[in-house]
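Written out below as structure tokens is the structure these notes cover.
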Amino acid sequence: MTTIDMKEELYKAQILVEALPYIQKFNRKIIVVKYGGSAMVDEDLKRKVIQDVALLKLVGFKPIIVHGGGKEISSWVKKSGMEPKFINGLRVTDEPTMEIAEMVLNKVNKSLVSLLEELGIKACGISGKDGGMLRVDKKLSGGEDIGFVGDIKSVDTTLIHSLLKDDFLPVICPIGFGDDHHAYNINADDAACAIARAVGAEKLAFLTDIEGVYRDFNDKDSLISELSTTEAKDLLASGTIGGGMLPKLNNCIDAVENGVSRVHILDGRIPHCLLLEIFTNKGIGTAILSEEAEKFYNADIVC
Amino acid sequence: MTTIDMKEELYKAQILVEALPYIQKFNRKIIVVKYGGSAMVDEDLKRKVIQDVALLKLVGFKPIIVHGGGKEISSWVKKSGMEPKFINGLRVTDEPTMEIAEMVLNKVNKSLVSLLEELGIKACGISGKDGGMLRVDKKLSGGEDIGFVGDIKSVDTTLIHSLLKDDFLPVICPIGFGDDHHAYNINADDAACAIARAVGAEKLAFLTDIEGVYRDFNDKDSLISELSTTEAKDLLASGTIGGGMLPKLNNCIDAVENGVSRVHILDGRIPHCLLLEIFTNKGIGTAILSEEAEKFYNADIVC
Amino acid sequence: MTTIDMKEELYKAQILVEALPYIQKFNRKIIVVKYGGSAMVDEDLKRKVIQDVALLKLVGFKPIIVHGGGKEISSWVKKSGMEPKFINGLRVTDEPTMEIAEMVLNKVNKSLVSLLEELGIKACGISGKDGGMLRVDKKLSGGEDIGFVGDIKSVDTTLIHSLLKDDFLPVICPIGFGDDHHAYNINADDAACAIARAVGAEKLAFLTDIEGVYRDFNDKDSLISELSTTEAKDLLASGTIGGGMLPKLNNCIDAVENGVSRVHILDGRIPHCLLLEIFTNKGIGTAILSEEAEKFYNADIVC
Amino acid sequence: MTTIDMKEELYKAQILVEALPYIQKFNRKIIVVKYGGSAMVDEDLKRKVIQDVALLKLVGFKPIIVHGGGKEISSWVKKSGMEPKFINGLRVTDEPTMEIAEMVLNKVNKSLVSLLEELGIKACGISGKDGGMLRVDKKLSGGEDIGFVGDIKSVDTTLIHSLLKDDFLPVICPIGFGDDHHAYNINADDAACAIARAVGAEKLAFLTDIEGVYRDFNDKDSLISELSTTEAKDLLASGTIGGGMLPKLNNCIDAVENGVSRVHILDGRIPHCLLLEIFTNKGIGTAILSEEAEKFYNADIVC
Amino acid sequence: MTTIDMKEELYKAQILVEALPYIQKFNRKIIVVKYGGSAMVDEDLKRKVIQDVALLKLVGFKPIIVHGGGKEISSWVKKSGMEPKFINGLRVTDEPTMEIAEMVLNKVNKSLVSLLEELGIKACGISGKDGGMLRVDKKLSGGEDIGFVGDIKSVDTTLIHSLLKDDFLPVICPIGFGDDHHAYNINADDAACAIARAVGAEKLAFLTDIEGVYRDFNDKDSLISELSTTEAKDLLASGTIGGGMLPKLNNCIDAVENGVSRVHILDGRIPHCLLLEIFTNKGIGTAILSEEAEKFYNADIVC
Amino acid sequence: MTTIDMKEELYKAQILVEALPYIQKFNRKIIVVKYGGSAMVDEDLKRKVIQDVALLKLVGFKPIIVHGGGKEISSWVKKSGMEPKFINGLRVTDEPTMEIAEMVLNKVNKSLVSLLEELGIKACGISGKDGGMLRVDKKLSGGEDIGFVGDIKSVDTTLIHSLLKDDFLPVICPIGFGDDHHAYNINADDAACAIARAVGAEKLAFLTDIEGVYRDFNDKDSLISELSTTEAKDLLASGTIGGGMLPKLNNCIDAVENGVSRVHILDGRIPHCLLLEIFTNKGIGTAILSEEAEKFYNADIVC
């Protein structure tokens, strides 16, 4: 090895060693990754997300992927000669649409299993129907019937824990049962949040298409690194938060208030954003934290 | 209760008691059910098959369902504006066809999970990609490339055993990985046979659209109840067996020669054909047996 | 198979399928069967009771048999040249009588083990002395010393749970230890009730020689199907209940108030009465229920 | 404490310490004790045998008691107005005799359980019928039918191992099943030997009414301390051994040749003969040893 | 064997049998032995203490040894050319002293492991640093800095339980970690007490160089056999207790009030004092008991 | 984050991802690290070795440290006023020298435990005496008595496996028992090799003070990267290998021929040499491999 080679190798070793405290901190902890948006469309980003999750698994974390499939569902609905319809941003899901949604979500699901398998990770792709995991109530949108769209009312974690115990990585698509035993479509953010709560995840990370939460959406310098739930509620009350961020932030608060220590809104367009968030002190995106988590975070990692 | 009521109730109790030796015989044994054909199209038959499997599970057996989805794949291929193509009876499976096949098979898969769930059975629908279960080689058909069609080269049973151990009923659709990490379509009969061998199933039952194996296909009285593998091979050598029965019979022989004690070709058009086969001495369909199984069968059940 | 044969077979299959919800409901639940009376004398009834218990075991229940041996004890006491003596319906049990009682009860015990063994069920016959299971206080009858007759003061369930865990069916005869380490005879109803409470049985069934509880013993149409504990207490307070039913009903109330969901007084003279009670909605005999059990019963089984 | 008291206490402590290597040697080893003869009739000897077995259990051995009940069976047969009958030293066991034999053996069985219980030892009294443990063939005596007398053809050790695992001391009476599912009487020496072989006991000890094996029965100084199986066979061939010792010695050889390291013929009339044999170097009675055991014995214990 | 030999052997057997109730009483209970003083200097006494502990282990107790090394540390400090220094009876422990203390304590530790090994006992010698067991705060002595001397603030029992579960006997030397990750010396009495509390020991025995606690130190007849914690506190309040006994008695009270049933101050100069205390009713030394322990003690052992 | 920061962070993430296949390859495999030489003297190198081992543990490997203490033993021998003596390179180890050796080795042992503890790793420092792990024969050096120096004759791995199972990192110093129960000093290379063989390690790494094995020691360009055992033997036969490398290379061959797949001679003077060897394809030092390992190595890691 030349001296320059050696210097680079030593630098690499140094970086691995710097990962020590982060690996230690989340060892055997469950991390739920809500996977969606651009990171799911761009093949290169996709591969990097899967590499990140694979690494988390190998160094001792217990990751769970919950994914959506929004755009691809619409494209297949059109292929079948129908027109996608939305009310208040919610897909109107009649019988044939639900059938297509289930097909597409399962296809996406198994493609993620494939990518993990390629990296040597044993994964198992399931939906909320398997093991009777997700039970839903029919969701109404402003009083209107929007078809087979559901609100989660209970999560049976038996199958998830069974898979984790035997070292499989669960990849979950957000479909559940109604009391009529019919399949219902579920918002993927809601599913990720409900699952993170039910399994007592240490961390829940949303891969999104935005940089994080802005105090003032028009001021790119106002990105918020960390928010306590109190601050997050104040922000919501101030009325400056809108669009898709509103339900997402509500989900974050809900998760933190129900036992998930840290919820992250990450910019899925940044390659390896998951690793960057977990293995560096330079936070990216916005973290919503419980008071305990904040304290723990500061005390624990001293490089 | 009236006397007539009581008489009927006693008759029912008697029937339950008569099931005793059969329940005992297969207690904690694995039974692989290849589910396909009419029994998958007719809604009433479908429900009865699922009831049978549910009962087998509840009385202590360990059933595994392996299913196909042939007709529905073709119908969705057409819906997408393509024309299904076959060479030597094998579906030519190009990229878009494979995509549709995977979507349809997963849809069918989850619908079976739903039906079991309705009966209170915890099921988990997986494909051969999950847990890296089915690895395949590319199949050629008379030297011609027919696309993503695979021959199973190895079965990793870890996930299946993990699910069985934790009391989930595995429902499996026949898709596997190639060495190129691509998804490949697998003949469902082949998959059922390979899985039955790999898990050391006690029994493998094919639900088909025929009454069984005929010594002379034109003579409806020549239905064969039991065949040893030697007899089955003689029959194949005689050249009287043809059509879809030929590969099926080869599969049966292969399974029996690799440790599955009993393989059954059942008429899936008869309601509750699974229960009839297992809980009565009046065999239906054709059984291919190892010599040991024959002896065991006769010795064990004395009503 | 002829068409008529087939029709009958299908009817049988249907009956098995109808058992599904009942099997499911009691899966892995403990059922204590107090076995006595005519069902123990008549060889045909005896065989049917044992068949019922064997079936319950095979379909996943955990039955425990507690039996008496009253008439046979008296007959052996006479054989030995003594005269059976009773005070207030309780056998005066001097040393030689106790010796004979223990011998006879153990003989009956092992004969039940034999019958189960014949049906392929692994049973283990024990008395309350084994594993130090039953500890008693000396019972007085109206102030009179009636010898080695005991009231249970504690139940050590270690041995029972050990046998159940390793899949043995416990057959128990009601003999216990006094503080003087002497063997004491225990009323079999009391023993069944105490054991059912101690192991947290789901169900306790008394096989008796009566049809059940009558509101008016002289009116055969007044048989009561279900009683809550409150109603049972009212009935006792009304003074219409007498004879052997009085302590039995007290036992039932005691069991239900201590965690056993359902206690049944069955007519052991009806063949397969256990199966009839468990696998049909047409109740036979009288059930004493907790309020929760009643609700559960109605909600759960919808055919 | 006075000086004299203290001196005695120190002597006691010394004795306990001297037991160290013996306790260590048999730690967690199975010891089968065939209990019979005078040690079963004399109440004081009985109590001392049970104390010995209790101590063995408490210091970490796994004792199993196999007992007979010969004299008491005859006495109860007479009580019932029948006359005991023997052919070639074997009891002619017709149906009523078998019934009494089973009753008496179970009575003896539970009385040993009682004595152990009194010393705080959790015991479980079973017969060879429980758990389907002992299966027999009908034994003929010189071609004559002697009724329900059996030769053991197989031992199912599941129940024994289950009890040992959960820390119960098995007390076993020698009754087994024939292929006709009837109970058969078994010679207790044979049963002890078969069980010791089947469970892989380290040691098998026969409590007898003789001092051991004599080279010349008329010369009291010719008592043999140790015999290899070869020597034992030579002795048998020499024709000097007769009476009840002949089958017993054959049993010993059989046990040693099938994996039991040491078989002892002890004089049950000596109080604490079991402890004396195990905890001292001064052997009492006669030991039949495998070559390995002899070597091991000499090498291991150096006080 | 001669008659005289036999008589002595029987006496020995009798002594072993008399140990039965004591063995039973502490079966699988944890006993912490604080080993120090003369019993650690005299080679013969040392061997006897180790024999006692070995016997306790073999008969089913779970002993843990916690030892000091006081005199030997001073001697090695001097050997290294330094002068041992004490303030208020506490060793001033600068860096080089701590280094020597750790070396000497580990040497003593491994020599005890050797002695146990010689008796066939699998031991594992650890310090409070292993498995992060003992965490300390720096101790001040009347405001003065006395170096690396620590007060235990937490005990992590994972390693101890891990060793006990796998049947190793833990031998522990009293060194712990400070928050500065430096090694700190801990008083062995304090360590034994803290460990006994943390593992929920049944008994804690201090081997000392005194006969026990005297009501009046100058009156040798005033040795106290048993003290309740209330009595012990009164004694302390009376001001008659002084010297090294003061902190020891405080430790005893602390242990009893935190779940250790019985704490013993034994005279380590009496050979086999541990066995004498445990296996005889003639108490030696002084026992500090909880009220429950007193009651239990009297009720349980009736010879 | 600035763009430059981000670029560096991404580079770091990339390096972590590149570690994926290496982490995967040794997941749950045992790696024995012989720790000695400069890497043990230089405080900075020491810390880096411990960081490396900690990282290996955290990412799922099972490292075991075996260490020496050569130089420090001599320094303490001198401190005690004695003169270190060597014959043929082996320390003459009389009683007082052995005492010091044991003290020093245990001190070093616990200091490594401390460093690991500081990084949050649960370690347990043991010697070959603990759990009776290392048994030795007295070693002679050319016929001369060199005192308490031992050759390992057996390794009892119970304690090591017990610690690994419960997630402790074993740190082992090379002292064992002789048949005289005395402590014997063992060459640390020999101990590491014997332990690696006994536990079936995947890898054994020697941290040394040389760069590796040279084909020609005077030609710095002749460093050998990989050697099969055949090549290593040829090299030894050629006579070009001398000094301390000779026994080390023999150890390497011995280990590989007894089941350790890969043995590495690393330059402990290079910081993070362990990580560099394991996480990069650019080998450092010399690897001695089995034929299978070579093949496996090339096939498996394709970056």
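Note that the chains are named A, B, C, D, E and F in the order they appear, and that numbering of residues resets to 1 at the start of each chain.
Just so we're on the same page, contacts are C-beta pairs under 8 Å (C-beta built on N, C-alpha and C of every residue); 3 or more make two chains touch, one makes a residue touch a chain.
Listed by chain with UniProt protein names: A, B, C, D, E, F = Acetylglutamate kinase.
These numbers come from a predicted model, not from an experiment.
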> Which chains contact both subunit C (Acetylglutamate kinase) and subunit F (Acetylglutamate kinase)?
Replying inline: none
>> Can you work out the whole-Å distance between the CA centroids of subunit D (Acetylglutamate kinase) and subunit F (Acetylglutamate kinase)?
In response: 55
> Per the centroid of Cα atoms for each chain, what is the distance between subunit E (Acetylglutamate kinase) and subunit F (Acetylglutamate kinase), given in Å?
Replying inline: 37
> In subunit D (Acetylglutamate kinase), what residues contact two or more other chains?
Replying inline: none
> In graph terms, with chains as vertices and touches as edges, which category applies: line, ring, star, complete, or other?
Replying inline: ring
> Beginning with subunit A (Acetylglutamate kinase) and continuing through subunit F (Acetylglutamate kinase), what order do the ring chains follow?
Replying inline: A, F, E, D, C, B
>> Going by the contact rule set out above, which residues of subunit D (Acetylglutamate kinase) touch subunit C (Acetylglutamate kinase) in the complex?
In response: 79-80, 99, 102-104, 106-107, 109-110, 113-114, 117-118, 122-127, 129-132, 158-159, 162-163, 166, 168, 175, 177, 181, 183
> Hey, which residues of subunit D (Acetylglutamate kinase) end up touching subunit E (Acetylglutamate kinase) in the complex?
Replying inline: 1, 5-6, 9-10, 12-21, 23-24, 27, 48, 51-52, 54-55, 58-60, 119-120, 270-272, 275-276, 279-280, 282, 284
